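Written below as structure tokens is the structure these notes are about.
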Amino acid sequence: MSETLTFTDVEANICTIAHLIEEDKLYFVQMAGAPLMAVLLAKRTRVPAVGYVVEEGAIAPDPVFPLPRMMLGASRSHYRAVAWTGMNIVDAHAALGFMDYGLLACLQIDKFGNFNSTFTGGSYEQPERRFGGAGGANEIASQCWRTLLMTKLQRRKFVNKLDFMSSPGFLDGTPGARERAGLPANTGPYKVITQEAIFGFDDQTRQMRLIAMMPWVTEEEVLSKMEFEPLIADQVERMEPPTEEELAIIRAEIDPGGLTVSRGEWFTIDSESGQRVG
Amino acid sequence: MSETLTFTDVEANICTIAHLIEEDKLYFVQMAGAPLMAVLLAKRTRVPAVGYVVEEGAIAPDPVFPLPRMMLGASRSHYRAVAWTGMNIVDAHAALGFMDYGLLACLQIDKFGNFNSTFTGGSYEQPERRFGGAGGANEIASQCWRTLLMTKLQRRKFVNKLDFMSSPGFLDGTPGARERAGLPANTGPYKVITQEAIFGFDDQTRQMRLIAMMPWVTEEEVLSKMEFEPLIADQVERMEPPTEEELAIIRAEIDPGGLTVSRGEWFTIDSESGQRVG
Amino acid sequence: MEVLASGIGEYRQPDPDGFREYVRTHKERRLVSKVMTEQEAVSRFVQDGDYLAYDQNVAVRGPTSLFREIIRQRKKNLWIAAKFTWTDASMLVAGGCVSKIDVGWMETGKVINEAIQKGEIKLIEWSNGALAYRHLAGALGVPFLPMRYLVGTDTFTQSGAKVIEDPYTGQRICLVPALNPDVSIIHVHQCDVYGNARVMGAGVAPMEIAMSSMKLILSTEEIIDQQAIRRQPQRTTIPYYLVDAVVVAPFGSYPGSTPGLYGADIEHWLEFAGAQMQGKTDEYLEKWVFSVASHEEMLDKRVGAKKLLQLRQAETIREGYYE
Amino acid sequence: MEVLASGIGEYRQPDPDGFREYVRTHKERRLVSKVMTEQEAVSRFVQDGDYLAYDQNVAVRGPTSLFREIIRQRKKNLWIAAKFTWTDASMLVAGGCVSKIDVGWMETGKVINEAIQKGEIKLIEWSNGALAYRHLAGALGVPFLPMRYLVGTDTFTQSGAKVIEDPYTGQRICLVPALNPDVSIIHVHQCDVYGNARVMGAGVAPMEIAMSSMKLILSTEEIIDQQAIRRQPQRTTIPYYLVDAVVVAPFGSYPGSTPGLYGADIEHWLEFAGAQMQGKTDEYLEKWVFSVASHEEMLDKRVGAKKLLQLRQAETIREGYYE
């Protein structure tokens, strides 16, 4: 009987993003939570010297593992930064083109990579449910060269029409739409990472395209979890599921309290085949 | 036989300005030279806690007397400041209205208090003599509530027409001229201090007005040293000449090398009568 | 002046000359002590209807003792800037103090959702960066600043930003109006009695907020000697003439952390979260705000020395702050 | 876009997207050592025709050893920003390196006056503050910034500033174009091999200049360990990814002072002043620049250990810088 591995959708996302982090690039990472954990996992496993900045103005911190429970308190997450500045400074560094990748989570996304973190249902004035707002995502998604977005593959998240466009993807998808709006040239969403699939964007139509899936899912299953139909790559790659080692690091050193990573959908896979068994 | 006192025009200016410094006001002082020395003399003699800022961003320094020769080096002139910031920060403090008085020297001035520190003679493209430029004077004269200008009472300095208006006084003197140009409201030159006379400005016509003279000069003598004719106050006050104590402090503690204060026109007065004897 | 696009969000019209006039007539240039109680500071400098800004948030170095005093004094109709915050807005809304929120990011639980539904609060959309940048505009004494984002989104539409043609490049450029709060509250690590203050760590925008505000209240973990300030001028974040009041408030960010000094009280937050979910924020506020006369009394009677000592021990990092 | 008034001074058209593209393709994001000789740094990163900016001046913490290397390499047609400076421009003009000067304030002796009369240099008028503010615009990645001065004067007319109607207040507002130099040189007290740098003291605008520049050369009094930088992140003025070259240059500001470290050599300045008055700047440059191969050789053969020790002793203040 072969070994199994159990993890949450958030843990899957963290591992997948960690695989994408490149040591010679600079990352602008949302406040806290899974995007930051993905960078920390990458730093801990593959790319120890990778630089990232956070909204409050800490530049290229170097936290010591294991991190304390919840990572609360700036002193932990800003530890051994090369500089402590402020929000206007790091936003300006992004405006100047120093940030290769923005790393963000989102609530609702459309086929052009525009996304919502403001409200769902109802109207702007009387929303069914109000969320936090654009936060730091608008400046990050506008000014970093490429944006990596993480969310869950669910029909209510991959929608035909956003309830509110908090932050820009490729806007209406027409050529030069971002530039015409006044956004920095040649920027935009790059990949959308979910627990079971990764999407890129078509260079011409700017539409989301399925480029990779976890070993256990089919195209049909992916499409069934989306309101709109994405383009499909000629060759849809298979994603590498989380490894036992990565999960151990997340749970023991990055989010020991489990407050971020232990929620959501649980997956159990066969370690060898990568197929889902529960 | 009574005592005499000998001093230069620069020393006279320094003492006169020092008499005007108020402890509950904040001063924005040009880089170095006589305006700064005037504040230091006031600080040393009458108003020890007066605050001033300098262009490079030092806020409310507290130099220890005696100062070293030439005061060169930022470490001396910025000593025990409450903050070391930068030029954009202190200029912003001026823009926000925190600077009660700007303290500046100038090369050429017209009857509306506009002044020149850029060139004299010839044209802008081919000047007879080129000077340093607007420097920090433009932002100081534009953004402080009141500007105190120091210069020498000479025909070539008090001119009908400036060769170049580097920094603004009351512009063309019409009501609201500064505001119409886009400058902050209710600002402008306040007094012009020279070795032998002090001028204010008429509230209505914005023209320069003679308000005080040294004991040894007459109105005619003052007017003979000006190309334009100023208004004359109903009651022209008599200025207090430098005192022996003030001169001793300047020479021993503020400019011990004498590089700034020992140049220019020399005056010898009778200490008691205040009349010029040489 | 042709404006190519305008958001519909409400904003205070920038008034650089009005700000200057206020500064001229109200701000103290002398080095005089501004130390006063939180009661006096909030009573004198926070008026109903004021625009209230602050640096950081209830999790990290927020001016939380002053938030509680504002609630205690039942200030009304405040317009707040909730940028890069957490439950700050929920707490002030639960206290009945807020009528408008400029949103960057904030926690939006039951309190905020119900207040929106009842029409008790009005939201205007910005982003964390846009609000920090609007403070920068206010700090520079100019009516607006240009920037490269917000445009293209619904966030822009619900904001007070505008788009014009840049006269230098001919391209579209987004402008945001200066934010000059009536009053700001900032919690600092150290300051002298005159208000010369040090903020340690990556700080969001303490200097910009201090410069952009008409009135400024500091709460401080400790008062230090003025000569200590003058011996290290580079460490000063805020010079004295920007400051109207200095309130001594050790553990002033409680239940949040002040980096380098003490950790956060996670149990306290769970208590607030629970109260919010059960609709019992009134009980929470009664316990933590109204039933105690001051921050000091709250620390003494509700938190207790044992907890304070634990929180102090929980912060093991001093490097970079005090070392 | 209606422009109400425009100065006639020449300026480089702001190009925020062009700057971004340069950064994307040319700037190193990895932590790699950038230590190189002054010869290599200037040869690689200063091209004829470049716009060259710098922080401070030949009196205080100026990048004077790099000025000399630029002259030594006979760079031509530089456009420089002379804000809050002294004989910096005269020295570079005497070296034949300069064709345009954006003027804030500079010493204008015989060298500058003759170069103007011969049409060898072209001046554009700004002010110290306006140039620092143009760097701020460049540092923020925006094409222009609004400000409250310059207007009304001949300085405005000879500048590249413009006046528009502020879309928020309806009043006239002055705009200045972003200044994004091709290359900047900044002398710092300390940095690590990656370029994380500390500037101590009131600094004019080192951060703004560093951020606004396409290429950036630092000269430093000393290299310190990266962990020393990371232990006190608040002291970092310039982070590594802005930096292209780090040149070790003790006494790099000579004959100027670096506050907290060494005083100025007044005799040297009198020598330059004398040379200028007598029309003998060629001899001055031969002695101090061309006849020595490097800054190190100049210190060794022209200044000498005795003088260096004297200058070190002349600076008695370390408080606020190193204490």
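By written order: A, B, C and D. Residues from 1 in each chain.
Here is the rule we go by: contacts are C-beta pairs under 8 Å (C-beta built on N, C-alpha and C of every residue); 3 or more make two chains touch, one makes a residue touch a chain.
Just so we're clear, the structure is a prediction, and the values are computed from it rather than from any experiment.
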Partner chains shared by chain A and chain B (touch criterion as defined above): C, D
Computed distance of Cα centres, chain C from chain A, in Å: 29
Centroid distance [mean C-alpha coordinates] between chain C and chain B, Å: 41
Centroid spacing, where centroids are CA-atom means, of chain C and chain D in whole angstrom: 37
Where chain C touches two or more other chains at once, by residue number: 16, 140-142, 147-148, 171, 173, 201-202, 207, 231, 233-234, 319-320
Chain B: positions in contact with at least two other chains: 58, 78, 80-81, 84-85, 88, 95, 143, 184
Overall pattern in which the protein chains touch one another (line/ring/star/complete/other): other
Which chain pairs touch, all of them: A-C, A-D, B-C, B-D, C-D
Footprint of chain C on chain D - complex, ascending: 1-3, 13-16, 140-148, 162, 164-171, 173, 175, 177-178, 200-202, 231-235, 319-320, 323
Contact set on chain C toward chain A in their complex: 59-61, 82, 84, 103-108, 112-113, 116-117, 123, 125-130, 132-133, 136, 147-155, 158, 163, 171-174, 201-208, 257, 259-260, 263-264, 266, 315, 317, 319-321
Contact footprint of chain C on chain B as seen in their complex: 23-26, 49, 51, 58-60, 62, 78, 80-85, 88-89, 92-98, 100, 143, 145, 184-186
Chain C contact footprint on chain A (complex, rising order): 31, 54-58, 70, 72-76, 78-81, 84-88, 91, 95, 114, 118, 124, 126-127, 129-139, 142-143, 162, 164-168, 171, 177-178, 180-184
Residue ranges of chain C touching chain B (in the complex, touch as defined): 16-17, 19-24, 27, 29-31, 139-142, 194, 196, 207, 211, 226-227, 229-231, 233-234, 236, 239-242
